[in-house]
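Multiple structures are listed underneath, in C-alpha cells.
Here chain A shows up in two complexes: once beside chain B, once beside chain C.
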Partner chain A sequence: MSLQPNPLPDPKLAEAQETNQSKSSSLWGDAFSRIVKSKTSLIGLCIILILIITAIFAPLIATHSPTDYASLTDRYQSPSSEHILGTDELGRDIFSRIVFGSRISIQIGVIAVGISMIIGVLLGGIAGYFGRWIDQIIMRLIDIMMAFPSILLAIALVAVLGPNLRNAMIAVGIVGIPQFARIVRSAVLSVKETEYIEAARAIGAKHGRTLMQHVLPNCLAPIIVQATLSIGTAILDAAGLSFLGLGAQPPKPEWGAMLSDGRAALQNAPWVVAFPGMAIFLVVLGFNLFGDGLRDALDPRLKQ
Partner chain B sequence: MLKYIVRRLFMLIPVLIGVSILTFSLIHLIPGDPARSMLGDKATEAQLESLQEELGLNDPYIVQYGRFLGDIVQGDLGTSIQSKEDIALQLLHKLPATIELTIFAMILAVVVGIVAGVIAAVKQYSWFDNISMTGALFGVSMPIFWLGLMMIFVFSVQLQLLPPSGRMSSSIELETITNFFLLDSILTLNWAAFKDTFFHLLMPGIALGTIPMAIIARMTRSSMLEVMKQDYIRTADAKGLKKHLVIFQHALKNAFLPVLTVIGLQFGLLLGGAVLTETIFSWPGVGRYVYLAVLGRDYPVVQSTILIIAIIFVMVNLLTDLLYKYFDPRIKYE
Partner chain C sequence: MSTLLEVKNIKKHFPLKSENLFSREKPVLKAVDGVSFSIEAGETLGLVGESGCGKSTAGRVMLKLLEPTEGEVFFKGENITSFRGEQLRKLRKDMQIIFQDPYASLNPRKTIEQTITEPMKIFNIPKEERQKKLKRLLDVVGLSSYHKSRYPHEFSGGQRQRIGIARSLALEPELVICDEPVSALDVSIQAQVINLMEDLQDEFNLTYLFIAHDLSVVHHISDRVAVMYLGELVEIGEVAEVYQNPKHPYTQALLSAVPEVNPNQEKQRIILSGDLPSPANPPQGCKFHTRCPYAEEICRTQEPKLKKVSSDGQMASCHFVKEVVD
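The block that comes next holds the complex of A and B.
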C-alpha cells in the first residue's frame, strides 16, 4: 500500500462516487419513493386516511345519532335524502352508525394488532436471539398455537372469556401472535450474525440491551409490513366474531354486529346488510393494498 | 421417505400433547365456576353438584387431564350438556357435512385459482391479468359472511335459483352410506339427489372458497412468473416445444411447490371459516355445531370439536409436506 497520496484522482471514479452518493439514501427513503410511485398502495393509503379522518370527525360527519332512534315508524327505510344509506330495524340511521363504527374498527385494529405485535415480537426476538433450548420451547409453543385454525381459536377464547368487544380484541390479538413471532425470529436470526451486533457485544453490551437496541430495531421493516397486513385481518376476524354475536354487543355500531342484526330482514331491507359489509370490505382492502405496497417497497430483493 | 414419515409422526406427539393441554385448559379458563357458567344462574345446588361430579371438576387438574387424555385415546369425547348425546357420535354425523363442503370449496378454489393464476402469468399485464388480480385482491379482503348473505339475497331471494340453506331439500330422499351426500347420491345412482345436493353446495362452497381461491391465484401467478424467467423454460421454448406443454409440463410443475404450501395452509383456514359459512347457510356441519355449543355454553362439545379440528389440521399439514416430495424430488428428507 502506497503512502503517497494520489495527486490526480481518476475523474471517472470521482463521478461514479458522486452519483453513488446522490443515489444512496436510506431504506425508508427508498421505500417512501417506491410507495408514492405505486398506484395501488396510494389507493390503500387514501382508504386508510379516509377511515382515520372519519373516525376523528365522526360527530361532524354523521347526520344522525348512531344509537338513538326517533320512532319505530322509521324502521327499515330505504336509502333516501334523509337517510342516505337507509335505516335499520330500530329506525337508526345506517350511515351515521357506519361513520361511528369506524372508531371501533380502528380501536380493534390497533389494540388487537398491538397485542399480537408486542407479544409476538418479544417471543420471536428472544427465540431467535438466544437460540438453543429457549428457541425450541418458544417455537414449539408457537407450533401448538398454529395447530388451531385462527378464527376457531378466537371463538374458543371468546367462549371462555365471555362475549364482548374487549375479549374479542384480546382473542384476535392472541391468535395473531404466531405470525409475528415467526417473522421476527427469522429476521433476528439473520441480523444477529452481522458485524455491528458482534461489535455491540464486544464493547460489553448486555444481551437485553443488544436485543432491544440493536437487533430488534433492525428487524423493523418486516414487523411493520406484518402489522399493516394484520390490521386488515384483525378487523375482518373481529367483525366475524361480532357477526356471530361473540364480539361487540348492541347497541354498539360495530360493522359485523350491524350485519348480524340486519340478517333477519335480508329479504325486505338488504341495505341493512349491504352497507356495513361494504365498509368492512373497503377498510380491509385498504390495509391489504397498503400492506402489499409496503412489502414490495421494503423488500430489498425488488430494488433492481 | 418412510423413515421421514415415521419421524414426522413422532414429531407430532409433542404438538398433539400441547394441543390437548390447551383444549383441556379452555374449560378451566372460564372465570368462576365452570359448572355454574354452563348451567346458568337458575340451576339448583343438586344440579350443580351433579354436573361438577360428571365433569370431574372436583379432582386435581392432573387427574382430570389424565382422564381427558385417556378418554380421547379411547375415542370417548364426552357427552353434550345440552343434548345429552355422545359427542363422538354427533361428530361422526357432522364431520362428513363439513368435509364435503370444505373439499368442494377447495376444489373450486384450486381449479379456478390455478387456471386464473396461470393465464394471468402467461398473459402478464393483459386485461385478463388486471381483472383477475383485482378480483383476487377483492377476494382476500371480502368478509365471507357478507358475501354469503349477499349471494343469498341475489340468488335465493331475488332470482330464486339456489336454495338458501341446508344440505338437501326435504322432498328428496337419499339412502346414506358415507354421509357424504354427493358421494352417496353417485353410489346409489340417485341423480335427483345429486343435482339437489350440488345446488345446495354451490353458494356455501363459493363463499368458503373465495379467500383461498384469491390467495392461490395470486401465488400461482407470482410463482409462474418466477419460473418462466428460468433458462430451462427458454430452452424448452427454443427447441420448439408446444406452448401448452411448456406451460403445464415445465413451468407449472415447478411453480406448484409454493402453491401447494398455500393450499395446505388454506385447508386449515377453511375448517375455521366453516363456522361462519355454516352459520349463514344453516349447514349442519361441525362449524355450526361448535358455534351453537359456544352460544349454549356447552363446553365439552367446544373442547372436543376444537381438538378434533386441530388434529385434522395438523394431519393436513403433514400431508402437504409429504406431497412436496412428489412435486420436487430434489427435496431430501433426513
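The block that comes next holds the complex of A and C.
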C-alpha cells in the first residue's frame, strides 16, 4: 500500500486509468494474493469450486437419476463401470445421488448461514454499538443460547417446528446466531471508538446510518471469515439432523440421510455409507481450509 | 465582533473502575475541570497545553460530541447544553470538527466523494447541488475531481487531512474546532495545511478553535491563545501579549521550550521538574504547585482564580501575579 498516489501528469489519462481499474480496496486485493500463496487455502478454494460446479451441472454429471429405483435387482451393487460408486438398498446410483446431494448441501450452507449471519450481525451490531443495558440483555440471551450444545438445540428446534429440510435449515441457522453475534459485537466495540465514527456523529448522522454505513462495513472481514467457516459446520449439522431423520426426508438425496439409510448394511455394502461420508468430509474440510486461509489473509497484523 | 461560542465552567469527568470492590467512592478522571472562555465570531482561538491536559476533551464537549458533566455551552447566545437528538443534529450544520489523525478520521470503505457528500446527504441537499459543491470543495482544498472515486488509503497524510477539511466545510459551518489538525503531518505539509486553513477562514468567514501543542503553529494562526494545565485554564489572552509577556509560571515554562531560530540568542530555559500529575488524582490547591519553581504554602492549600492581569484582557490564575483592576 503506497501512501503517495502515482504521479499522474495528465488528468484525462488518469481518469481513463481510473475507470479501467477495479474498485476493490487494497484490503481485498492483498487478501486475495495471500490466499493464492497459501497452498492449504487454495486446496479449500478448489474443493468449494468443484462443489459449486457439481451442483450447477448436476444433471450433466450424474450418470443415473438420483431417485429412480427402477431395478430393485441392482440393490447393493459394489462399485463397477455401470455404477461407479455402487448402488444403495433400493438400487439407486450412489454417485448420482451424491452429485445431486451437493445442491442440497449448498442450499443448506447458504440459507442456514444466511439466517445466522443476518440475525447475528444485527444483534451483535446493536449490542456493541449501543452498549449498556441493550448490550447486557442481548448478550445474556446469546449466552443462554450458547449454554446448549448446538446439535441438541437444533434437535429441540426441529422437534418443535416439525422434521423436514426447511425446518432443519432454520434450526441450524438459529444455532449459529451466537457465534456471529459475539464476533460482530467485539469488532463493533473496536470500530466504534475510531475517529471516523466520531466524524459521522459530528456531521449529524443518525444512529442507524452510523451503524449500517460506517460501523458494520468496517467489521466485514471477521464476518466473512465466520460465514465461510460456518458453512462447513452448517452442512455437518444438517447432515447430522438428516441422519437422525429430522432433516431431509426420503427420497431426497441428502448426504446425511444417505448415511443413515446405509448404516444397516455397513458390513456387507460399506460403499453405501463410505462415499456420502467422504463427500461431507471433503466439503467441510474445504470450507474450513478456505475459512482459515481467509482469516489469516484478512488479519491486518500480518500486513507488512 | 459578537460572541459565537461561550463555555461556562464546563467539566468533564470520566468514571474509572473502582479499585476496591467495597469502597463507596467512585473514582473519576477529571479531564476538564471547570473551564470558561468565549470565542468571538471570526477569530481564531488557540488552545494549547501538553498531552493529556484535556484540550481535545474540551473541544468535544463544546461540539456536544461529549456530554459535559457540569457547566453550560452557549452557541450564538443560545444555551445548547441540554440539546438532544434532532435539535443537536440541526446544530451540527453550524459547528464542525477537523480531526488530528488523518489516517483514522476517514472511513476506509468510502470513496472521497461519498465521504465529502455525506454531510450534505444527511441534510437533504439535492443531488445536483451536492455535485456542484463537491467540485468546489475539492477545488478549494487543492484536490482534483478525478480523485473523487478513490479510497482514503490511496492518499498521503496531507491530502487526507485536506479531505477531512473539505468534509467539515461541506455544510458551511460557522465554527470549526480543529483538534491538532497538523500534528500528525510532516513539517513541510503542516505549513501547506495551515495556509490552506487561513485562506479558507477568509473565504468562508470561519471561526476556529485551534487545539494544538505546537506553540509556533498556534502563534502563527491564532488571534488569542488559551493555555490549559490538568483540565484547567491557567492563562488566556492576545497572542502577542501572552507570547511576549507570559504571566503564569506554566506558560513561561512552555514558551521557554520553543526552539529559537537564532542560535546566538541567550535563552533562559525553564525546566519543569516532575511529571504531569494524574488527572484522576490532581493535587490540592493550585494544580501546578507540584512542578512550579515559585510554589509556596498558599499554593498547596488555596486554588487560585483566573484573574485579569493586564489592561488589555490577559488573564492568568496564579497567586503571585498582581490583579489589574480597571
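Criterion: the second predicted complex is superposed on the first by the 278 of 304 C-alpha atoms of A that agree within 3 Å, B and C clash if a C-alpha of one lies under 4 Å from a C-alpha of the other, contacts with A are read in each partner's own complex, and residues count from 1 in each chain.
Note that in this section a contact is a pair of C-beta atoms (placed from the backbone, for glycine too) under 8 Å apart; a residue touches a chain by one contact, two chains touch by 3 or more.
Keep in mind that what you see is a predicted model, and the values were worked out from it rather than measured.
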Which partner, chain B or chain C, touches more chain A residues: B
A:Cys46 touches, of chain B and chain C: first, second, both or neither? neither
First (chain B), second (chain C), both or neither touched by A:Val273: first
Which superposed partner A:Leu244 touches (first chain B, second chain C, both, neither): first
Partner chain(s) touched by A:Gly204 [first = chain B, second = chain C, both, neither]: second
Partner chain in contact with A:Ala159 - chain B first, chain C second, else both or neither: first
Complex interface listing, chain C residues touching chain A: 60, 63, 65, 89-90, 92-93, 96-97, 99-101, 104-110, 118-119, 122-123, 144, 146-147, 149-151, 153-157, 159, 164, 167-168, 170-171
List of chain B residues in touch with chain A within their complex: 14-15, 18-19, 22-23, 26-27, 29-31, 137-138, 140-143, 145-147, 149-150, 152-153, 157, 268-269, 271-273, 275-276, 279, 290-291, 294-295, 297, 299, 302, 306, 309-310, 313-314
In the complex, chain A residues that touch chain C: 1, 3-5, 8, 11, 14-15, 18, 23, 25-27, 194-196, 198-206, 209, 213-214, 217-218, 220
Contacting residues of chain A [partner chain B, same complex]: 40, 140-141, 143-145, 147-153, 155-156, 158-162, 232, 236, 239-240, 243-246, 256, 259, 263, 266-267, 270, 273-274, 277-278, 280-281, 284-285, 288-289, 292
